[in-house]
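You will see two complexes here that share chain A, one where it goes with chain B and one where it goes with chain C.
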Partner chain A sequence: MDTVAARRYLAAYRVCLRIAARQATTYRASFLLSSLIALVGNLAFPLVTVLIYGSGAGFPGWTADEVLLIQGVFTLSAGLSGLVLGAVVQVTIDRVRQGTLEVVLLKPVRPLPFIALTGVQPESAGVALGGAVLVACAASRSVQTISVGAALSFVGLFLAGLCVMAGVVLVMAATSFRWVGNSRLPEIADSVQMFGRYPMAIFPGALQGVVTFVVPVAMVGFVPASALLGRSVAGAWPAAATCVAFLAFGVWLYDRQIRHYQGVGG
Partner chain B sequence: MGAAVEVENLSKTYVTYKRSGLFRREPTTVTAVDDVSLTIAPGEICGVLGPNGAGKSTTIKMLCGALLPTSGTVRVLGYEPFRERRRYVREIGAVFGQKSQLIWDIPPADSFLMNKAIYGVPDAPFRETLDELVSLLDVADKIEVPTRVLSLGERMKCEFIMAMLHRPKVVFLDEPTIGLDTIAKAGIRDFVRGMQERGTTFVLTTHDLEDVERLAEHVVIIGAGTKVFDGSLRDLKRSLGDTKIVELTLSRPASEADLDGLRVVGRRSDLELTIEVDMALLGPAELFAAVSRRLQITDITVRELPMERVITEIYTSSRR
Partner chain C sequence: MTALPLTQHWAVMRAVSVVTYKEWAAYRTHSLVSVFVGPVYFVVQYFIWSAVYGGTDTLHGIEHTQMIRYFGAVTLIGYLTMDFADWNLSMLVRTGRYLTFALRPLHHRFFALSQKVGHRALGFVFEFLPCLLIFVLLFGVDMRPASAGWLVVTVVLAFLMGFYLRYCLGLVSFWLVDSGGLRGVVTILSGLFSGALIPLVFFPHWLQVLQLFLPFQYTLYVPAMVFAGSYDVGATHLSIAQIVGCQAVAVGVMFLLSEVLHRAAARRFTDAGS
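And then the complex of A and B:
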């Protein structure tokens, strides 16, 4: 992308953020309710973790605060990716089914960024904030000192986790060009990402390999949280490279599948 | 100057599935557009007509770069629309009567700003174009109101502004007056005519034949995916000969003998008849003499054949 195009995308992003904010203030009650539901929905499973550990059970080798740290990182990641890519799957499904993708294809930009820009979900900011608070609380109780190396590893692996989140969203959205009207795709995307919320040790070995190196959703919560805790995860950096490749595959697949768009009868 | 739009042997096929049992389905290939060729000159308004499902919208979508043709070539302003989409769409605009580009919950002015950013239109030209379009379409007091509260006519005018803010050279209009009242239609038509006078090329698909009669010099008719007519509006009307519709009001009912040899095509009452006359065989004076000899006429009106009739005849004869 050249600098002129990059400036245009940035300008468009600023306008879209302003539009999203205006839409949110148009329906204030709906926005507040959506934010609350998203926050509660994303913070409910850490509550389950607290209840599990409160009853004396738990994940072997992991304290409650360490598991909450994984889940906090996951929530932060979900909030940030939701802010940018949250609506891509649903908007793509709707536009393909209703035959309104032409409106997107008429713009002199790549369809994927356009859909992402116009589908900004401000309520995800609340989820990201909730995740950040959870990370801060859990880290303060489970991490004694954070070395510069651990902090840098966390940031790098967290960014890789965002790449996976985006990759899963894009692969799911891309399938909607052929698998028209499948309203369950967002749920499938959520289910796939779910594996990143827990310590990998609870999964069978083969599944650990799949969620670390094939569809590397372990990177969304588990791997970066482990880095912050100073626990090394074998193959973390090769897995991070897989995450970037996964995102690139998602972008390529989305762009490629658009040519199968057929519109609807006129 | 070269053509604005050049289409050669354009085809588009889809694979759809036909249910053949509870769980079984068979693939079926549907040809939506079949070997269509056409040329549109710069600054022209070309009306693309045809019944529902004829392939008009699919053709327009391929011309806009939204659909990939199965075969054939399309060049608009020298671009190959699908392959050069991002550069190409900067030069064109489109208004889809049934698909909005405006954002529903916020005022059109904000949607215009989004297009300004996406097309990278600098502030001064944007303001100048916006002021000009707003004044031409008379919507100055509407663009700051949320889109959802605008009337259909006001919304459609704002769709035109959205499509033309970047000053496109070719504009595709797909049913732009659908659902509009007479006044709103007239406003849109005046606007299109005004923009054409400034050099913009328009490609218009519509079911409203008045749109075509008032705007298009060049008409293309598509039926069952194939082109069945391509010529001027005058040629289209002459394609069925110089036939006219003559409406007669009589002072006494006509007998069968009186009507012998006349082609009666309508009879609203015993005193109101509609006949069809080929004016190439019978001039106005002879016509008047012929009917007044047999019938007691109190009023006579001579009209052109309705466009619906012309198109239906052409479409039907192409399928024989």
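And then the complex of A and C:
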């Protein structure tokens, strides 16, 4: 994608965001309730963490605030990726099942950015906001001082984590071209992402390698949070490169699988 | 509208459940998603609790092996009792298709219950059995219940409890234009307070006591505790017979509530013909 096309898509995204925001303000009560539900749904895991530490137990070597920081970073990442790609899986599943993807394919734009742009989910802003608040609270209690290096590492690794979130979404959406009408595909993504919500030390070494370098969901919550805490994670930056490759794989797979779409005119 | 004789109810349930089974069996690979998702969640829970129990033998009176068995039981019982009657009924009301049920000489709730029987029979074959085999053979979890008889009774009651709870929720669609928000709230509350994420004994004492009067624990936590062979919540210890009795009473109350709501809802339904 060249720079001009990227600018056009960015401009189109701003318009779609504006439309989504206006729709949200039209149905304010529904929007607020949806945002609240999405937020509370994402905060269930931090609540479990609080209950575990409240019972006097915990993850060895990790304080409650440090684990909450991991889960806050994960929630923030889920909210931000949801703002951009939140509806891609469901829209793709629905259009493939209903046979209405032609309507998108006939437009003079690439299907994937178009589906992403028109499916903006403003309620994900609530999740992102909740995640940001959790990060701020947990970091203020667990991090004494944040060096410039740690902050920059956090930003870089957090962006890598966003690539993973996007890559997972695209792989699931691409799968729907072959596994038609399966509304449970997001469950697969949710289950795999569970590994990114906890300290890696609780998993065996081989599994740590898989979720850091193969399906790098550890990069979503654990690795960026560790950077903020000043804890070094071996292979973090090579894993960040894997995240970019994972996103590229997701885009490639989506574009490849869309060729298998069959319809009879929308 | 005349009600069907009781003797015909069994035939109706069998017919509806068989048709539902066949309808959903066309998408049986969708059910097989659980064969991946269930064990993955279980593995995560296994490592979480193995780490948490690293420095202690028991937490709230639960040993490590009991905790692993708990999450195995919760996963498997969830496959037997899962319900979306609220979504179904809400869709029927919103689209006006409920009219076709209002005209039939059959209570819609019974029709929906029969559908659930067929749907969960499919879940038994394509979700419960494969995951049970994975838990036992691959992960080596002891999934033998403390009392098979009581477990069957409590799972049947949990099946009914989940259905009546969701059906009552679906009935709210007769009053609200869009009940999706309320259904979302109840889904989250149910996830937290049914014990799916963590045993209820980890909650603060007052919240545990509150659960005795809410329907959520009767859908999952109670059957999981009956599976384990002992029930404790809010510093209250009940025998298996006592808690299953409480569960039966709660199911009865929820049934009555669904009937009251259904009668009130039927008076509100408006449609211009389908």
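Definition applied: the second predicted complex is superposed on the first by the 260 of 266 C-alpha atoms of A that agree within 3 Å, B and C clash if a C-alpha of one lies under 4 Å from a C-alpha of the other, contacts with A are read in each partner's own complex, and residues count from 1 in each chain.
Criterion: a residue touches a chain if its C-beta (ideal position, glycine included) is under 8 Å from a C-beta of that chain, and two chains touch if they have at least 3 such contacts.
Just so it is clear, the structure is predicted and the values come from calculations on it, not from any experiment.
Colleague: Quick check on the superposed pair: does A:52 touch chain B, chain C, both, or neither? Answer first, second, both or neither.
Modeller: The second partner, chain C, only.
Colleague: A:182 in the overlay: touching chain B, chain C, both, or neither? Say first, second, both or neither.
Modeller: In the superposed model, A:182 contacts chain C only, not chain B.
Colleague: Taking the superposition on A as described, I'd like to know which of chain B and chain C A:16 touches: first, second, both or neither.
Modeller: first
Colleague: On the A-aligned overlay, A:205 touches which partner chain: chain B = first, chain C = second, or both, or neither?
Modeller: It touches nothing on chain B or chain C.
Colleague: With the two complexes superposed on chain A, say which partner A:261 touches: chain B (first), chain C (second), both, or neither.
Modeller: Only chain B is touched by A:261; chain C is not.
Colleague: Starting from the residues of chain A touching chain B, keep only those that also touch chain C in the other complex, and list them.
Modeller: Correct list for chain A: none, the interfaces share no residue.
Colleague: Going by the contact rule at the top, pick out the chain A residues touching chain C in the complex.
Modeller: Interface residues on chain A, with respect to chain C: 29-30, 33-34, 37, 40-41, 44-45, 47-48, 51-52, 54-60, 179, 181-185, 187-188, 190-192, 194-195, 198-199, 201-204, 207.
Colleague: Give every residue of chain A touching chain B within the complex, in rising order.
Modeller: For chain A paired with chain B, touching residues are 4, 7-8, 11-12, 14-16, 18-19, 22-23, 26-27, 99-103, 105-110, 114, 118, 259, 261-263, 265-266.
Colleague: Please name which positions on chain C make contact with chain A in the complex.
Modeller: 27, 29-30, 33, 36-37, 40-41, 44, 47-48, 50-56, 59-60, 178, 181, 184-185, 188, 191-192, 197-198, 202-204
Colleague: Which residues of chain B touch chain A in the complex?
Modeller: Going by the criterion above, the answer is residues 14, 52-53, 56-58, 61, 64-68, 82, 85-87, 89-90, 92-94, 96, 99-101, 103, 105-106, 110, 113-120, 146, 174, 205.
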